[in-house]
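Below: one structure, written as structure tokens.
Lettered A, B, C, D and E in written order, each chain numbered from 1.
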Amino acid sequence: MIPVLLILIPLITGLITFAFSTADSAKKIALLSAVATLVVAGWSVCCTPASALRFDIAWLPVMGSRFTLEMDGMSKMLCLLTGISFPMIFLAIFRQETKSAPAFFGWMLLSQAGLMGVFLAADALVFYFFWELALIPVYFLCSIWGGERRIAVTFKFFIYTFLGSLLMLTGIIYLSYHSPGASFAIEALTKAALSETQRNGLFWLFFIAFAIKMPIFPLHTWQPDAYEESPTAVTMVMSGIMVKMGLYAVVRWLLPVYPQSSALYSDVIIAFSVIGILYASFIAMQQNNLKRLIAYSSIAHIGLMCAALFTAQPSAYQGVMIQMFSHGINVIGLWIIADAIEKQLGTRLLSEMGGLAQKAPTLAILLVIMGLANVALPLTNSFIGEFMMFNGLFRYNMVWAGVAGISIILAAVYTLRMIQKVLYGPLNPTTETATDIPATAKWALFVLVVLVIVGGVYPQPLIDLTNDTVQALITKH
Amino acid sequence: MNAIIFSALWGVVMMFSGIVTQNKKTITGLSVLGLVLLLFINCLHAYGIWVIKLDTLGALHFDSIGLFFNAIAIFATLLYVVLSGKDIENTGVHAAEYYALLFFVLTGVSILTAFNGLLMLFLGIEIMTIPLYILTGADKRNLKSNEASLKYFLMGSFSTGIMLMGIALIYGATGKFGIAGGISLAPSTGLAVRPSFLEVGGMILLFVSMCFKVSAAPFHFWTPDVYDGAPAVFTSFMATIVKSAGFFAFIKLFDAHTAVLGDSWNILVPFVILITLLIGNITAVFQQSVKRMLAYSSIAQAGFMLFALYGNNDLSKEGILLYAFSYSLATIGIFAVLIKLKDYSLDGFNGLATEYPLLAFSTAICLLSLAGIPLTGGFFAKYYMLSAAIKAGGIFWLVIVAVLLAAVSVYYYFRVIQAMYFKSGAPSFNQPITKAFQFTLFGVAVMIILLGLFPNLLLNFFYF
Amino acid sequence: MPINYYIFFCLTLFSIGIVGVLTRRNAIIIFMCIELMLNAVNLLLVAFSKMHHAAAVAAAPDTTVGGDGQIFVFFIMVVAAAEVSVGLAIIVMMYRNIHSVDINFLNRLKN
Amino acid sequence: MSHLVFLVPLFPLLGFLINGLGRNQLSKSSIGTIGTGAVLLSFLVSVRLFMQVLNGGGGVDTLFYLFQTTDLSVPFAFQVDALSALFLLIITGIGTLIHLYSTAYMHEESAPHFARYFAYLNLFIFSMLLLVLGSGFVIMFIGWEGVGLCSYLLIGYWFKNNEYNYAARKAFVMNRIGDLGFLLAIFWIISKLGTTEYAQVFAGVNKLSASDITAITLLLFVGAMGKSAQIPLYTWLPDAMAGPTPVSALIHAATMVTAGIYMIARTNLLYTMAPFAQCVVAITGLATALFAATIALRQNDIKKVLAYSTVSQLGYMFLGLGVGAYTGAVFHVMTHAFFKALLFLGAGSVIHAMHHEQDIRKMGGLSKRLPHTHLTFLLGCLAIAGIPPLSGFFSKDEILAAAFQASPIYYILGLAGALMTAFYMFRLYTLTFLGEARFHEDDHHPVHESPWQMTVPLWILGILSVVGGWIGFPEWILPNAHRLESLLAPIFAGSTTLATEHAHLTHSQEWMMTGGATIAIILAIVLAIRSSLRAKVDTEAATGLAGILENKWYVDEIYDNAIVKPLQSFADLLKNVIEKSGIDGLVNGVGKLVHYGSRQIRLVQSGQVGNYLLIMVLSMVVFFIIWFNDTSLMKLLHNIF
Amino acid sequence: MSIIQILFYLLSGLAVFAALMVLLSKNPVHSVLWLIVVFFAISGHYILLNAQFLAIVNLIVYAGAIMVLFLFVIMLMNLNAATEPNQHIWMKLAGVIAGGCFLVMLVSLASQAGDMANKTVLMKEGNIGLIKELGKILFNEFVIPFELTSVLFLSAMVGAVVLGKKDNTQ
């Protein structure tokens, strides 16, 4: 029942929110709904019998597709991440003026429902459904509430990802015809009888879709634009959760289904990922635009996660699990701050900032902490994840690990550069009148900071939570 | 048989209603009534109840899928008349006659769903097409309408000539006008006997003419011009019901004939699909007029429907029903809005969402359905087509090309959504938008979504 | 008479019709060429009907095999007649508006 | 073993949290008390722990598991043994003094910033304690990065000044380069041994091949290079003087920069098993010692001289490690902590008195005005110069003796460095305290001695600088009086058994060498005082070799032009050309291609019926051709797709 | 060569010649007249094939009614002079080539059809072409299509009205 609740709560409240006329009530109901979802997600993590974590009814008997939702450790974790993120996002923008707020929050909740569905689906067709459904609300959100170039940029993003998912769809159909009973259930898909050529071809069809979503170099160019032009709340959803869709999908739908092909192409994919890590880091280093900087930094981080997934090392898998959660928390925190800064100063160019630490000490502290989490400093949550991933990568191939390791240095370079340009140095006319971060955003960030520290000191609960997924992956390989 | 006779009779009734009353509302009401009755007795037929029982001596063969398709076509027409009845009245002065012609077209459609021989195919197509020549030219003072009508007529007749030559050659080879196909097994060896060359030639010609009817490239050239030139309200009808019927006939015709063409079938159809998809999708990208864009998009959609022809399996039959229905719903919905607009270009849609949110929402759903986004009927339609092709095997590369081009199609469909939602402007209408119209359109949108969630709802009808 | 003679003859007529359609600009002439194509088909059908009849009549003298071919020709004529009435009406309507029946002037709709 | 060990890092952590969170509420005095008190408490606990170790206590205390997975478990555990206990004492002891000192030195700051300062400082102590207490490489790495962070924060403490910020960034990034090496070494160990705990690693060292060990040790040394400012990663340390002077004393002299020595001492077994890596360590250390000393000769900023001196002394320590004199290196860490902290604090006192003037050319004659500072500073100088029986003499002597045993060249070069040390330290001392006053005194802000909070630590450290070396009398002076060696013996036991025996020097040789060296050093000191007193002090830029030395051999400029700028232009190339025109251009190009295709293809739709029909007929012809050639075409298509 | 063969060649030649003249005549009226000649030739063929009913119907419907309709229209539009501008020469050439190719394709197809090689057409004899026989077939097997053609005519009629009638109200 829990999986259904996770989807239905945001879905229904989202639809209801559209009907509201005042911004205030829409905000409240959205926040309430998000909290309710969080509670359910938390419930799923804590103490539930296995039967409550599965939902299965007939849906399209003709096609062999059943509406199956299932939660394993990774699903729980990502649902929890989604559950945590939305209240934080809503809190962060609670005091902001949003034009036609009911629609905005309605779309946001719908996107949450879609994301939840992606993380829960255990049937390929259902998965594809939610995969697209998570995209549509974002399209509208970005196109209506985004920045100047929003329409073109969002359109590019949409077509890009849609293209990928269509390729995946053909792969899904093809695969299901070769699976026993022409079913879409994950168990059946793993047993599909395929020749080697078929397997390898299908592998790429799936992977390209996921790679676009993550995104992996060189399929990433939609991302900086989209992050920059989207309203920041949506960017948070996109970078905090949506990119995890790609990683999640690799774990759920790619590695178990095509273990041989994954092993076969792991070198190629890791090569691209590692190139992407360095490439994005270098670009971030010279980036003058705060939002684009964070976007490229995100590409670098995701690249590492993707590389780790193909190392077939337990440690790397475990690291990815932790890092998916951690990266979500960190990047949402960064965006909340970036949004606060942009709202304050009206610019997102680093060259026009400086000295904010004098005017906004709280913001400064939070930005520093989030920035340090971004460089994976020990005792912040991403250290553990990156440590494990690098460890796995090292075991796979120490040269790649060494090359990818350069990003540790580059991450420090660009993050500190950002912190310095924003916070330090003398004041200038733009920052002269700045004030500190709004209270609601402060609270949201406070929660995130606590998560960052707790995750960095005691990540074991996350490890235990996702252990079953990792074990399953290891046995598959 | 019920539907054929009744629609012909009601066509006559409509013809004469113009004499009895000048009130166009009454005429529209009468035709709605006729359509409801038609739908009803068509369904009766499905349950085995005959209004008039005639022995057709093998000329017609009614099966459940045909009746079901017929029901879909009639239902779509009903929706079409309910949504766009006002606009039919406002085109020219011959409302009653137009309705009569619509009913005659439906007669043709009904024949095409049940034909059991080349003669009935020929007659059905002609009965369906000749009224369309007239409807295309209905806006007599409009040069574009004239031009479209003449183009359609000339090219249509030409393709009729091709079709007849094909039929003649088949007749020469087989001595029959049946559709069972001329392939046979040699009694001694058990191997398939290579069909007569004449029959093959005839099949190719028949294939060409059917491609023409469903506007598959490279025989699609009439489509953009005719759809663009014809009064929008009739374009809507032509692009949906008539086209779907053409497809139905096409698939039914070649159901048993694919073997005749042998390997070349596996080249010809993919070739046609490829060109159709390419031309339809790519050309639509540049169009500024939504009407013309929809014309090209209908070519693209035809490309997808052709997968059913290639697949030629159970999936393709179910799929073509689903496709016909969802495609018709969506296209009728968009055209219903388009007709009411003064400006058919993309800019004409600017700012629709702020003034008429419900209308814009429904239109957006229709567009999403055409683009094949999940949660809409269009998704499952496309899904079935791809499945049919993949199941049939051999052209996976084409399926990939098709989805790449489907991504292109998102580009032009979404430009309309962008105009409605993200651009500001004040759309001007030919006639006021009534609440009833908005809610009907919303109903269409809801139906599309339902179809996108539970395609079984539709397909279950087929199975019982 | 070998059937091939008829086939070749009818195909020739048919192709002449096609060439006519392709090379003339006058809508009426084009239409006439289409009629020519239809007539070629008609003759071919009759020839085939008699061919099948010839094959069948040897076995059963009073067979009606082949009759359907001629009936088909009848239907073609019927349809052609209907088509002509509509087609000429369209051409006349066109002529009323632009005072020409030259199809090269039909170029408002393009691209 | 006592479970007190967790208290040691806990107090500074609490201090950090209280000061950090309460920075807007607390008064300055309470902030200072909390900050200093936290470290003092740690110190007391450390003393107790040290006593336990002396009595044969110690061991590993696991608090919880940082993470446990199928193939790797990392406990959050503290290991107390002689080495860590010694470092605990140094860190918390000197830390307490410097905290006390800071309460006065940072007095001018407003309360929130004052609190921020102490919070950072406490956080640093916490991290440093983690570094030395950790029972495995991961915990050490956590502390390792933590001290790097605090260093960054404290260097950039006065964040309004962008120069300082750049210095902070440079420090962090250079440390990160080293950290990468460290991290890779950890991964290497994990991949071979599946653990990161010292005990298990050293126990399983036989499973490693020689090349593994060499690689691991070299990578670890890269980490040490970064943290301990060795060539080529040393340039951050002089720049780090941008931070407040107590910070320089604590972090950039006494504790953090010695983390590299701690690490190598900790893993001495591995190094002993990797002669090549040892050789690299020794040569790097020696080169750094000499190189930094040459630069220090011509620096005019009081803190810069001390900074280069620190780099140089760290080089000595690495030389010691490289030649296997682990005890000597640790010994030097300890004595260096005393006298270098003393020197920095003394310098701080001078700067405090001079109202933030740091150029020694603008000082002079301060000995009368700052008597306490002067005396203690002199003690520090003598200690660092290696005058017996001050602490520096013993430790340096031990290292040099070991170097001589390894290779006389090491010894000669090391001695040259020691002479230079003596020279530049006394140049500094003379210019600052002796001779004429070269500054213009302001009546409102007279130059005065510092308050007791500053002088007391100075005196404590001064005494320690004198007596600190007495725990390690060499064999030839007092047999069996090397308390430190016996204390640390268990740590280096593995290495001792493995090490190749050199021919021992006889006691008389030792006496001669030491005597000669001491005389040379005294000569150098005299030379320094004389030349500095006589020299015409001007503020103009020097030329020739002096100019090169004054500009630190232009290393910063070389780095900038050879590494930083090319990387930046490479990044610019990626950002502006590859990304924009290349990849994104390709993506957009596809879109444009479709658009272009659309424009062209629609022209086929010419509007002419004749054309349409012609294409139809031709297509039919093509269809027939396809049919006639179906098999060959099929093959073609299959070949393409 | 029998009389039937002679007649066959004669009529065929006439038909082809007349068909070509339809294309080549500048004057539309001449084209119509040549087309009527074609129809007569084809009717001749029908008679040769003993398809008497079709021969008569062809003359009445085509040559009689349809062609007269054409003539009327041409006269109505006053197109009796050679007013038609020439189609572009390339277009003409392309048309001829395309038609020629089409012919070649179909002819080669037919000539390769082995099953047609020995088939002959029953000339003169066979009575299925008689009105009596055809009537029986038409009103038995083909009565449904026959009735349905009425719909076709109805719509043609409606079409003629809709298109031809002057709209007074507009």
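Simple rule for what comes next: a contact is a pair of C-beta atoms (placed from the backbone, for glycine too) under 8 Å apart; a residue touches a chain by one contact, two chains touch by 3 or more.
Everything numeric in this text was worked out from a predicted model, so none of it was measured.
Trainee: Both chain A and chain D are touched by which chains?
Mentor: B
Trainee: What is the minimum number of touch steps required to go from chain D to chain E?
Mentor: Graph distance in the chain contact network comes out at 1.
Trainee: I'd like the most central chain, judged by C-alpha centroids against the all-protein C-alpha centroid.
Mentor: The chain sitting closest to the overall C-alpha centre is A.
Trainee: Based on the averaged CA atom positions, which chain is farthest from chain E?
Mentor: Between chain E and the rest, the longest centre separation is with D.
Trainee: Could you see whether A-B or C-D has the larger number of C-beta contact pairs?
Mentor: The comparison resolves to A-B.
Trainee: How many Å are there between the centre of chain C and the centre of chain E, using C-alpha atoms for each centre?
Mentor: 5
Trainee: For chain B versus chain D, what separation do you get between their C-alpha means, in angstrom?
Mentor: Centre separation, chain B to chain D: 77 Å.
Trainee: Taking the mean of the CA coordinates per chain, how far is chain B from chain C in Å?
Mentor: The computed centroid separation for chain B versus chain C comes out at 27 Å.
Trainee: Round to the nearest whole Å and give the separation of the Cα centres of chain A and chain E.
Mentor: Chain A and chain E have C-alpha centres separated by 71 Å.
Trainee: Would you mind listing the residues of chain A that make contact with two or more other chains?
Mentor: none
Trainee: Enumerate the residues of chain B that touch no fewer than two other chains.
Mentor: 119, 123, 126, 130, 133-134, 137, 140-141, 151, 154, 158, 172, 198, 200-201, 224-225, 411
Trainee: I need the residues of chain E touching at least two other chains; which ones are they?
Mentor: In chain E, 87, 91, 94-95, 98-99, 102, 106, 109-110, 116, 141-142, 145, 149, 152, 155-156, 159, 163 touch at least two other chains.
Trainee: Of all possible chain pairs, which ones touch?
Mentor: A-B, A-D, B-C, B-D, B-E, C-D, C-E, D-E
Trainee: Quick check on the complex: what are the chain D residues that touch chain B?
Mentor: My answer: residues 594-595, 597-599, 601-602, 604-605, 607, 609, 611-613, 615-616, 619-620, 623-624, 626-627, 630-631, 633-634, 637, 641.
Trainee: Within the complex, which stretch of chain E touches chain B?
Mentor: Result: residues 106, 109-110, 112-116, 140-145, 148-152, 154-156, 158-159, 161-163, 167, 169-170 of chain E touch chain B.
Trainee: Within their complex, state which residues of chain D touch chain A.
Mentor: Contact set of chain D toward chain A: 64-72, 112, 138, 141-142, 144-146, 149, 152, 156, 159-162, 165-166, 168-169, 172-173, 176-177, 179-180, 183-184, 187-188, 190-191, 567-568, 570-572, 574-575, 578-579, 583-584, 587-588, 591.
Trainee: Tell me, which parts of chain B touch chain D in their complex?
Mentor: Touch residues, chain B against chain D: 151, 154-155, 158-159, 162, 200-201, 204-205, 207-208, 212, 218-219, 221-222, 224-225, 261-264, 266-268, 271, 278-279, 282-287, 397, 408, 411.
Trainee: What residues on chain C touch chain E, complex-wise?
Mentor: 1-9, 11-26, 28-29, 31-33, 35-36, 39, 42-43, 46-47, 49-51, 53-55, 57, 64-68, 70-71, 73-75, 77-86, 88-93, 95, 101-102, 104
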